[in-house]
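In what comes next, subunit A is part of two complexes: it sits with subunit B in the first one and with subunit C in the second one.
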Partner chain A sequence: MSVVKVSDVWWRYEGRREYALKGVSVEVEKGEFLAIMGSSGAGKTTLVLTMNGTVPQRIPGEFRGRVEVLGMNTAEHDVTELARRVAIVFEDPEIQFVMSTVEDEVVLALEPLGLSREEMRERLEWSLSLVGLSREFLDRPPLQLSGGEKQRVAIATALARQPEVLILDEPTSDLDPLGKEEVIAAIRRVRDELDITVILVEHESEYVADFADRVIVLSEGRVVMEGEPAQIFRRMDKLKKLGVYPPDVAELSTKLNLGVTTCRLEEALRLVSKLVKGVRTRALRGKGHKPGEVLLECSNVKHIYPDGVVALRGVSLRIHAGELVALVGPNGSGKTTLAKIISGLLRPTEGEVRLLGKPIEEYDRLHLSALIGYVYQNPDHQIFNQSVYDEVAFGLRLRGLPEEEVEKRVRRALRIFGLEGLEEEHPFFLSKGEKRRLALASVYVLDPKILVVDEPTTGQDMRFSETLMQLLKKLSEEGRAVIVITHAVPLASRYVDRMIVLREGRIIGDGGPREILTSPIASEGRLVMPQILRLYRKLGLDPSLAPLTVDEFLSVVEIAL
Partner chain B sequence: MERRYRTFFLYVEETPLLDMHPAVKLLALLTINLVAWLLEAPIPLLILLALLISSYVLLRVPLSRIRRFLLYALLVSQAVVVSYALGSRIPGHVVYAVLPWGAYISDMTLLYMATMIMRFASMLVGSTLLLSAMRDVDVIYGLLSFKVPYTAAFAFNLAFRFSSLFLDDYKMIRDAMILRGAKLDEGGILQRARNYSRMGIPLTVIALRRMNELSYVLEIKGLGFKGRRTHLHEFRWSARDICAVLLLLGSLAAVAALRLATDLLSFPGWPLA
Partner chain C sequence: MPTILGELAGVEATSPEYMRLHVLSKLALPLSISISILFVKDPASALSLVLIAGLACKAAGIPLSSIKKYLAVIVSMSSFIVLSFALFTRMPGKVLYEATLYKFKAEKGVFEWTIEVTDTSLTYASVFILRIFAMVLSAILLLGTVTDRDLIWGLRSLKLPFGACVAASLFFRGIQFFVADFNTIREAMMARGVDFAKISLARKFLLYINALIPLLSLMITRSYEVSLALEARGIAPSSRALSSYHRYGLSHSDYIVLVLSLSLSLAYILWWWLL
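Presenting the complex of A and B:
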């Protein structure tokens, strides 16, 4: 029996020329776990918003077709009425909280149901325990929880109403690895313990492979692929073109021509372990990274915020020209504080930062901003001019450069970041990816020696993330030092020269990605290893080798076929 | 590791104020501000301020809660001093300076400035005391007790939530501009205003986006629901609450009566000839 029936839906946002959904038809059975995948801007969120009536009832635009959820036409039934049976959890947990305690937050969603106090309390405790949160959380302010806890509270709030359909819109994309693990465990419990229909929008194919009964892939507003995870992930080349990257083990099984496509690590281990003959020990001994001159040096940097929070407890490091560095570690480890100190936005409470041999506080702000650029995670915080051209030119004009020189440098930056032709556009009407490139271009144009980029791939699809990392690599090869703050360790490990691991305000590891990921620091810093490396380690092969990609795995491991 | 000041409800868990009915807390907030507004004489204002400060000790609310607002208090005091110094004509016994545009500074101008600062300080100290014992549910339930519709009560509460998000965005945008070399605090007042005006666009766009997102979220949580709404918390009126209401209303009525009927609470000699 279908609980969700989307029939030939077309939707165009007001003021847009292109349709966001173009004749989408999807059916979801009762109790099914459906995953929706696709590149950023493919129409995934728009599609799920049609299922709770937000589209077309609350967002202006042009709608055609029909969406029925639990027999209700979502274009006609009131959104509040639909919300009693269809719950949705959004990507950003913070925006979903409006109350000051977890208890009040969950209860807010129960108040319209007309329940007695006892029923409310029962549901409150049941939903929190389902997502693994104890009674101790009841009095805690939701905004002060960790990322994973926040998202679990959001899921508990949705579940407390005992909906028949639960929609999770990229619930893990804003989280650090620990947060992701917590949320994934909560989703697993929901799937195993409740008879509920779940629709999950997700970029990470490994999670989808773990949970989903069925996957649909959207591209430019159309359903282009549909089937079980193994069927979908077998079509690797097509998927990658659509911005969806299959799990490493699916890629491996396809490349090995195993006859079956395996999507789960344990399955892959069972299949591959029978075929392994040994390892080629010389396979991964490439040339090491040669650091250039020292651009920046931190000596025993400590930072304590005015409210007493100790963010950094004695950090010493050197950043060299020409290196791409990943700053990794769990939330609250001090990454952003360190980046702000490096860029001169915060002053260390103790210790010293020297830039090109001179204490950083001796630089004038204007001069400093030409030496160190900082790109924010959310480009909306960084963009404030009326056109793309003016945005990129802003920093140059501040420095009083002649307009011909400004134009020359702006044009070059626009070309490098693929923004040509958008010069006159208002930055706020650009796509998410374009905005991110614009934020990078507006900092790059100042020709900084050090570029600090905060979480550039969060919420982005793999194709975009790969392109961005390639771009950052290129910038570092031009002689710049590029520091990327990231949780996307599997992706970063393929590009960076060096990984600095922070935990509780201290550097616990500093070295090449292979070196870090094969040492105990990886688990201490709660780093997520690439799936292929986890498979390699489970096979119990030479621990000194660490393949980070499927191709590296195939070059290291001798397989009998 | 980021600092997290996400709320203006500077919650203190040890104070006996917590056990009071939310409507009493709201009424107290309103009364203190109204009394401070009605008082114009320096001595009664000084007494009110002293009473409020001693209430911190009595109600076990740390005085340090006020510290966070000292900068704002200083700014407002500055504004009071500048505006009365440059633009008032309050007759007094001694005139210290006469300005070319006719305004002058007398001994009474100085006393009036001090009075205004005390009035503002009383409002600040009193509001901080009560907000230290209030959570968002107190605001909602308190307003509901006064028969304010649920949606309006909730919207009022939301203003606090939204202002903290707005402040976060403001700080982030400001930092982003500084990092690109903008010198926001340089130049004269006009130049500074121009520097800061650039922040208007991203702040407005982000605020609108946040409001949009919040409205979807609230609708999904059933805020617009028209049917019967039940509540988890139960707030019962105690004898202490009723006494507090009587005391508050009595004080307000007494101050209003004295202010209207006598000169006891008026500024000395005001209006001066």
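Presenting the complex of A and C:
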């Protein structure tokens, strides 16, 4: 029996020329776990918003077609009425919180249902325990929780209403690996313990392969692929063109022509272990990185915030010209504090930072910002001019450069970051990806020797993330040092020369990505290893060889076919 | 849970007994002090009110050292009041000091600007200063003991519409977001080379105007997303709470505080009446 029936839906946002959905038809069966995948802008969120009536009831635009959820036409039944049976959890947990304690947050949506106080209490405790949160969380302010805890509160809030359909719109994309693990565990419990229909929008194919009964892939507003995860992930080339990257083990089974496509690690282990003959005794080549001159040096840097939080407990490191460095580690490990101290935006409580051999505090702000650029995670925090051109020119004009020189450098930066033709556009109206590139361009234009980029790939699809990492690699190859704060370890490991792992304000590891990911530091720093490396380790093969990609795996492992 | 002053300035009430009071009691006491301020007109009543406000703060466990933060404002306002009474008013009473600042002969007579400090003007100035002091203390008492959750519960217990209570809660969330965003944007400007300590006031003003663009953009995006998320949870402006999870009962201590608060205001009205 279909609980969701989307029939030939067309939707165009007001003021847009292109349709966001172009004749989409999808059916979801009762109790099914459906995953929706696709690149950013493919129409995934728009599609799920049609299922709770937000589109077309609350967002202006042009709607054609019909969406029925649990027998209700979502264009005719009010959103608040549909909300009694259809719950949705959004990507950003913070926008979902209104109240000042977890307890008030969960009961907020129960009070309009007319439940007794006892029943509300029961549902509150049941939903929190289902997502793995204890009673101790009741009095805690939701905004002060960790990312994973916040998202679990959002899921508990949705589940407390006991919906028949639960929609999860990229619930893990803003989270660190620990937060992701927590949310994934919560989703697993929901799937195993409740008889509920779940629709999950997700970029990470590994999670999709773990949970989904069926996958649909959207591209430019159309459903272009549909089927079971194994069927979908078999079509690797087509998927990658659509901005969806299959799990490493699916890619491996396809490349090995195993006859079946496996998407789960345990299945792959069972299949591949029978075929492994051994390893070729040649070590994988490193990236051939030769560090350049020392640009920056931190000696025993400590930092304590005014509220007493100790963020850094004695960090010493050197940053060289021409290297791409990933600063990794769990939330609260001190990554952002260290990056801000390196950029001169924070002063260390103790210790010294020397830039080009001189103490950083001896530079004035103008000079310092020309040597070290800091790109914020949310570009909206960094863009404050009236046009794309003025935004990029801001730093140059601040330094009083002649207008011809400003124009020359701005045009170059716009070309490098693919923003040509948008000079007169107001930054407010740019897409998310364009805003991010604009933020980078406005810092790059100052020609800094060190570029610090805070979580550039968070919430982005794989295709965009790959492009961005390639761009950062190119910038480091120009001779500057690029420091990327990131949780996307599998992606970063393919590009960076060096990984610095922080935990509880200390550096617990500093070395090449292969070296870090094969040492105990990886688990100590809660780093997510590439799936192919996890498979390799589970096979118990020579630990000195550590393939980070499927091609590397195939080059070192001898397989009998 | 941090109080409003706790979030803004890190000053928190430490008395668990006071913090356990119902929000109506926590609102009633500072409100009563504020009302009483309107009725003090002699130094004795003003001083007694300052002492009562100070004692209330002490009872709530608010460190009185927190007043230091507002000392500059209190001193400058006090100086302004004293100067106003000395330079621009002539009050009857015993003249303590007199001086002519400016004098000239005009067609219609002689114009003089004379300073005349009388005992009455000084008394008035001192009453004003003490009133300001009492106001500061009552504001500290209110903001240092009330959390935003208290205020929402207070609104709910007053049977205000559910939508209005949610809107009030959203307002508090909005302030937190606004302050955090503003600080990040300011820092981002510094990262591009702006030195706020060195630039002119006019340039600073222009940059803050520029900062309104991302702030506005973030505010619009967030408001839009928050409203969608709320509706997706079945909460609309017209929503009604058909049942209530929290109980809003008053304890004996609450009744005592409420009676004391009412008596305080009545006492000062009576004092004013008798003077």
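The criterion applied here is as follows: the second predicted complex is superposed on the first by the 556 of 561 C-alpha atoms of A that agree within 3 Å, B and C clash if a C-alpha of one lies under 4 Å from a C-alpha of the other, contacts with A are read in each partner's own complex, and residues count from 1 in each chain.
Note that a residue touches a chain if its C-beta (ideal position, glycine included) is under 8 Å from a C-beta of that chain, and two chains touch if they have at least 3 such contacts.
From a predicted model like this one, the values you see are computed outputs, not experimental measurements.
Considered on the superposed subunit A, subunit B and subunit C are sterically incompatible, since they clash. Touch criterion met: A:M99 reaches subunit B and subunit C at once.
In the superposed pair of complexes, A:G505 makes contact with subunit B only, with no contact to subunit C. Contact with subunit B, but none with subunit C, is seen for A:T337 once the two complexes are overlaid on the shared chain. Contacts of A:V309 after superposition on the shared chain: subunit B is touched, whereas subunit C is not.
By the document's definition of touching, both partners, subunit B and subunit C, reach A:L143. In the superposition on chain A, A:L115 makes contact with both subunit B and subunit C. Once the two complexes are overlaid on chain A, the subunit A residues touched by subunit B in the first and by subunit C in the second are 52, 54, 58, 79-80, 83-84, 87-88, 90, 92, 95-96, 98-101, 104, 107-117, 120-121, 141, 143, 157, 307, 343, 345, 365-366, 369-370, 373-374, 376, 378, 380-386, 394-395, 398-399, 428, 442-443, 446. Within the complex formed with subunit A, the residues of subunit C that make contact are 1-2, 10, 147-149, 152, 162, 166, 169-170, 172-173, 176, 181, 184-185, 187-195, 198, 210-211, 213-214, 217-218, 221-222, 225-236, 239-245, 247. Chain contact summary for the complex, subunit A toward subunit B: residues 52, 54, 58, 79-80, 83-84, 87-88, 90, 92, 95-96, 98-101, 103-104, 107-117, 120-121, 124, 141, 143-144, 157, 305-307, 309-311, 332-334, 336-337, 340, 343, 345, 365-366, 369-370, 373-374, 376, 378, 380-386, 394-395, 398-399, 428, 442-443, 446, 505.
Residue ranges on subunit A touching subunit C, taken from their complex, read 49, 52, 54, 58, 79-81, 83-84, 87-88, 90, 92, 95-101, 104, 107-117, 120-121, 139, 141, 143, 157-158, 161, 307, 343, 345, 364-366, 368-370, 373-374, 376, 378, 380-386, 394-395, 398-399, 427-428, 442-443, 446.
Taken together, the subunit B residues at the contact with subunit A in this complex read 1-7, 9, 11, 135-137, 157-158, 161, 169, 172-173, 175-183, 198-199, 201-202, 205-206, 209-210, 213-225, 227-232, 234.
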